[in-house]
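One chain, subunit A, links the two complexes that follow: it is found with subunit B in the first and with subunit C in the second.
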Partner chain A sequence: MSKITATRLPPPPVLDAQRTSKKPFARRIAKGGFIAALPFLAPALAAYVVFVIGPMVSAVRLSLYEWSGFNSDPQVFVGFDNYVRLFTQDPVFWTAMQNTIVWVLLSLVIPTTLGLVMALALNRPIFGRNLFRSVFYIPGVLAPIAIANMWRWMYNPNYGVFSEISEFLGIGDGSGATFLSDPKLAIYAIFAAFVWQIAGLNMVLFLAGLQSVSKELVESARLDGANNWNVFRHITLPALRPTIIVVLVLTIVHSIKVFDLVVGMTGGGPAQSSQVLALWSYSQSFLQHDFGMGNAIAAVLLGITLVLVIPYLIWSSKGNED
Partner chain B sequence: MSTHTVQRTKRANGTSSRPERNTDYVRVGLWIALAMTMLIWAMPLIFVIFTSLKSESAIFSTSSFALPGSAEWSNYTEAIETGNLLTAGGNSLLIAAIKVPLGLLFAAAAAFGLSRIRFKHSRLLLGAFALGSMVPIQVALGPLFKTILDLGLLNHPAGVILPYIGFGLPIQIFILHGFFSAIPREIDESVRVDGGGNWRLFWQIILPLSKPALAALFILDFVATWNEYAIALVILQDQAAQTIPLAIQGFQSQFTSSYGPLNAFTIMSILPVLIVYLLFQRYFVQGMFTGAVKG
Partner chain C sequence: MRLLKKSVVALVAMSMVAGCSGGSDVASSDKTELSWWVINPPSPTAAEAQEKMIADFEAENPDIKITKTNRAIDAHKDSLRTSIGTSAAPDIYDYWAGPGLGGELVERGASEDISSYYTEYKWPERFTEAAMGPVTQYGGHHGVPWKLNGEAMFYNKALFEKAGITELPTTLDELNDAAAKLKDAGITPIEFGGTVNWHVMRLLDTFLEGYCGSETFDKLVTNQANWGEEECVTESFVNLEKWASDYFNPGFIGINNDEASSLFFTGEAAMALEGDWFNAQLADNAEVDNFGVFALPTGTGRMYGFEQAMYITKDSDSKDAAAKFLDFMMSEPVQEETLGLFASQSVNKNVTPTADDELSASWNEIFENAEGLYMNNDQNLTQAQTTEYWRIQNLVVTGALDPEEAGSEFQKFLDSSN
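Let's turn to the complex of A and B:
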């Protein structure tokens, strides 16, 4: 309240004259202030607060309640009971946690390296370059749920291509290879589809980053007798540093979100062996009608995301100010 | 073939062109590696196309690698007749047609407010928006369902359009803020000297100057909206309200073993996005580029 009054009070005239004369002309007549910006911000702020921030705060609140999710049923405050149940009595939660962690770690290495190699290979004039780029990138524009169905077909134990290949190689007992129905393999089988989906995306990001590598620097290094590896190690890699960080952050974000692929390929099975946190939260809320548990998992997911992402946001906002 | 000959000649020439010869070998090896990787990368799509054109007996008796003998188009007609493709396609198109321009307008306005109008804590607000682009949608699914239920928008296109706008904003605001900030401030000066206000600056100067970024975001957002699954899954539960991803999953669980029509359905569902990609290829790269440079 007092703040608003303060801004409305006209400043002492002398001071004002001094200040404005030092400012550039444009800034003096610029219509500034939050009030001027509000009409531009209002629609986005409203949508963001009501449909993104609000539900997230609600998720944390609901994690402290026992509730079926039906408006006709009461919400009963139970404190941290849901979390206690989650951490001590829900083995699936730990499977999902483990799978999510493995997923994040694997995707920080495999699709990123693959994307970088693709980008390095295609960052020079080479016959058919555009075709290569397109084929590598196209999986990234397809709906994950469609990708799940494509790969589910390829993993078909009787008629799928992977079964055919493993038969040809003499792996397995000949009764048809199982991938998605093997509790040990399922999560990795889904991960393979994820690599296919996301490597081209990383490639495009790296290709964009490679444009910032100084050509003069590379040429003079070569004249000095540097080989490919030296050029890559001492010129390309340092120049790619910001891109690498962006790719790694996006990879973490994509990995934590993984949901559609698992729903479409295994639904979390067999025996919940391929559960991930995002899907387990959904299953608890909407299939078991246990909104308390579902939102407790959601809150854990939110916590993990914030811990991983906030350092990056701070780093990038500092970088932008330079 | 021709590259091969070139190498031979060089080898005959002796050791004088040694570095070049090495480069040539590297190039050919690289190209072969790339071609093989591309073949592997194209395989999933090729298998799906093959299967979608095979009769049931051909699927059971021939190899996945085998070309379909005669194209079995009946898989496609069967998929259209038994699946929810046309209704879902219409719904998806309607939702994207409203969500994409509206969301982009909101994002552009907010990015303008954050980059061209000075006010306290504008950076903090930008950070708050940026944070939203990182958090998984699934965190909010439960409460979002309740919000939409309370608004009476369950099974209504608006029930997904509104959250789609909310969740699409952060990354678009972030990218557009970067783009707008790169437009020289002298332009603002000249508009204001002419007596123009913020609205005129936004509509007549900043937006037209940002057409490349807006076009790229439009295309990327169309694809993202077309593909979205999680929010649609909880909000659009009636079959009549389904979007394409829900229809794919519905068809899959209903006709688990009719492999021909199933794969035909998948192909038809990704066709619009593939066409959009092929038509607007450069925008994809551009959009990614803008995002990447900004970080």
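Let's turn to the complex of A and C:
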């Protein structure tokens, strides 16, 4: 009886979420003309698969092998041994990981805030506005390795400008500033060059975003008695939200792949104290010829990047649909 | 029909052209072609000398044609790495002879054991003892000595005099005393650039050779002795820390070797641990007569330095021709002609080096008195070991690691990577 009853029971109600997640997806593909667009997308898609997805898959695959890079040497499958070595035996990996994390966190705060402040300042009709905009932006178009050389000279303990200033002010032991020589300070000394390079770029992005802030809204708010802070807090900042997200994501990407500045200023030293993941991956593969370890680090870096960037991609695709 | 005629004519023409080109191949195949991969020469004059060397050899041996490929250091390493074991590999390649570099390629079967050519051309009689060591260290004979660079201590005569140093140091203790005297006189005893790790490494290698002796040094770098158990290793690191904190130029770890060298040229530092190539740099930047050079006082009699050799690849189809070319390259006339362009001394012991100035004369003495060679440890160790060696060295010189623990820290890495 119960069996008959059971068979006669109506099917369980489908949750709204389930319904909306299945049907619209299929419908969206058909409705959106994805299939029709496929032939047009195919060349770009093929290039993307060959030049982006392919190397990524190859890097992850190679991270499971031991290989010296010699053609005559076979690639030996070692499973997750490279990852085990990386996490438990590599004396530099955790330093590089810590430096990369510190770099990303500082980047999210310092150059972004600085870029926003500069943009707000230069969005007003002040004398020499365009000149200042250009001056602040110029470091962003210089080659990072040139910036590294420049800053290395500025930090030079014998002839550098920081050394001269510190000697003039009587700071330290009179031998001048030794920022790049100090294992505890080196990474921050390089980061200062990064801020100098990237803040101007952020400023330009924020300036573009500020043009979308409604002047009518600002004027209305002022008529209602809002002060500068209130205008910034309740009108400018919400209007800048998409720009802020873009700036943050770009900053994260720039930070994670930082390489040239570190190579040019310290090479990861002293004693690997300023090592970062991207450089350590390169060093393992191309200097130490341990392609398995190098690609294992690259895979870790890829994982971190995806964790940080995928939420943005989801958010931006939702925005497009809205 | 007309189209058919045209096609037939075209086919015949193509066959004729193909036939001609085939004949040309046959003609050119009479010559043995040798491919020679060599690191970029240090100067345009040296590059010209290489071209002339090839032209002279080809004139003497019209049946052999040499194709030379010059590359920068890293590109050269990468090209060899990817071509060894394939048909793209050269017949002859230029490489450093140390186990960490040349030895790696020997281990992977890149190089042919050319002992038979050593007998045929009587090469053992031609090369100095120091030059022969690196090419015989892997058993048999791998490579032909091409360039031997020595490293020693350059010093500023006036600053030594000012510090009251009247005799050049002949032991490590005397070297330590000299550094102390210089410091007491308010002079920076020695300059180093720390961003290139191999610069400071030279002093650590020297301490290891001096405090451990040749036998233990060799055992250490070949993983036959324990770095954590040898007292001399600790002694070397302790002395290195002392030198770094008391005698190096301030901020050395943040500058490179070129920036550091300028301190020596301008008389701001009294000593520089450099190679025989430094003579030319001194001549360009300072008054050579103000400087001297003395052998590193390790007490073992061995000279500090490294060698580059020309290797014949195992897969070469023209080994006889390659050996003939190398015999020509290291012969007395060619070595005399190129002396000073690639190194201050020739690997050919019958070629007398010039002694135009005091520095050159001192170098001649250093080379003559050398009882073998101890090589730079970035050549002795594998790349991964070298990276860790430098990391530990830099931790010690920056005070971030107790020198007493440095040896065992390095041994820990060696054990984990074996």
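Keep this in mind: the second predicted complex is superposed on the first by the 275 of 322 C-alpha atoms of A that agree within 3 Å, B and C clash if a C-alpha of one lies under 4 Å from a C-alpha of the other, contacts with A are read in each partner's own complex, and residues count from 1 in each chain.
The definition used in the following text is that contacts are C-beta pairs under 8 Å (C-beta built on N, C-alpha and C of every residue); 3 or more make two chains touch, one makes a residue touch a chain.
Bear in mind that the values here come from a model prediction, so they are computed numbers and not experimental data.
Participant: Does subunit B (first) or subunit C (second) touch A:Trp94, or do both, or does neither?
Facilitator: Neither partner.
Participant: Applying the document's definition of touch, where does A:Gln272 land relative to subunit B and subunit C: first, second, both, or neither?
Facilitator: second
Participant: For A:Gln288 in the superposed arrangement: first (subunit B), second (subunit C), both or neither?
Facilitator: It touches subunit C, and subunit B stays clear.
Participant: For A:Gly69 in the superposed arrangement: first (subunit B), second (subunit C), both or neither?
Facilitator: So A:Gly69 meets both subunit B and subunit C here.
Participant: In the superposed arrangement, which partner chain does A:Tyr48 touch: subunit B (first), subunit C (second), both, or neither?
Facilitator: After superposition on chain A, A:Tyr48 lies in contact with subunit B alone.
Participant: For A:Asp260 in the superposed arrangement: first (subunit B), second (subunit C), both or neither?
Facilitator: first
Participant: Once the shared chain is lined up, is A:Phe77 touching subunit B (first), subunit C (second), both, or neither of them?
Facilitator: Neither partner.
Participant: Per the overlay, which chain contacts more subunit A residues, subunit B or subunit C?
Facilitator: Of subunit B and subunit C, B contacts more residues of subunit A.
Participant: Subunit A residues touched by both subunit B and subunit C?
Facilitator: The answer is residues 69, 71, 152, 156, 286 of subunit A.
Participant: For a test of understanding, state which residues of subunit C touch subunit A in their complex under the given definition.
Facilitator: Touch list, subunit C to subunit A: 78, 81-86, 108-110, 194-197, 249-255, 259, 263, 268, 382-384, 387-388, 390-395, 397-398, 400-401, 413, 416-417.
Participant: Quick one: which bits of subunit A touch subunit B in the complex? Just the residue numbers, please.
Facilitator: 24-27, 29-34, 36-41, 43-45, 47-48, 50-56, 58-59, 62, 69, 71, 118, 121-122, 126-128, 131-132, 134-139, 141-147, 149-154, 156, 159-161, 164, 196, 200-201, 204-205, 207-209, 242-243, 245-246, 249, 253, 256-257, 259-260, 263-264, 278-279, 281-282, 285-286, 291, 294-295, 298-299, 301-302, 305-306, 309-310, 313, 316-317, 319-320
Participant: Spell out the residues on subunit A that touch subunit C in their complex, using ranges where they run on.
Facilitator: Residues 68-73, 85, 89, 91-92, 152, 155-158, 163, 173, 175-183, 186, 266-267, 269-273, 283, 286-290 of subunit A touch subunit C in their complex.
Participant: Sort out for me which residues of subunit B touch subunit A in the complex.
Facilitator: It is residues 27, 30-31, 33-35, 37-38, 41-45, 47-48, 51, 59-60, 63-65, 105-107, 109-110, 112-114, 117-120, 122-123, 125-127, 129-147, 149-150, 162-163, 165-167, 169-170, 173, 185-186, 188-189, 192-193, 197-198, 202, 223, 226-227, 229-230, 233-234, 244-245, 248-249, 252, 259, 262-263, 266, 269-270, 273-274, 276-277, 281, 284-285, 288-289, 292-293, 295 of subunit B that touch subunit A.
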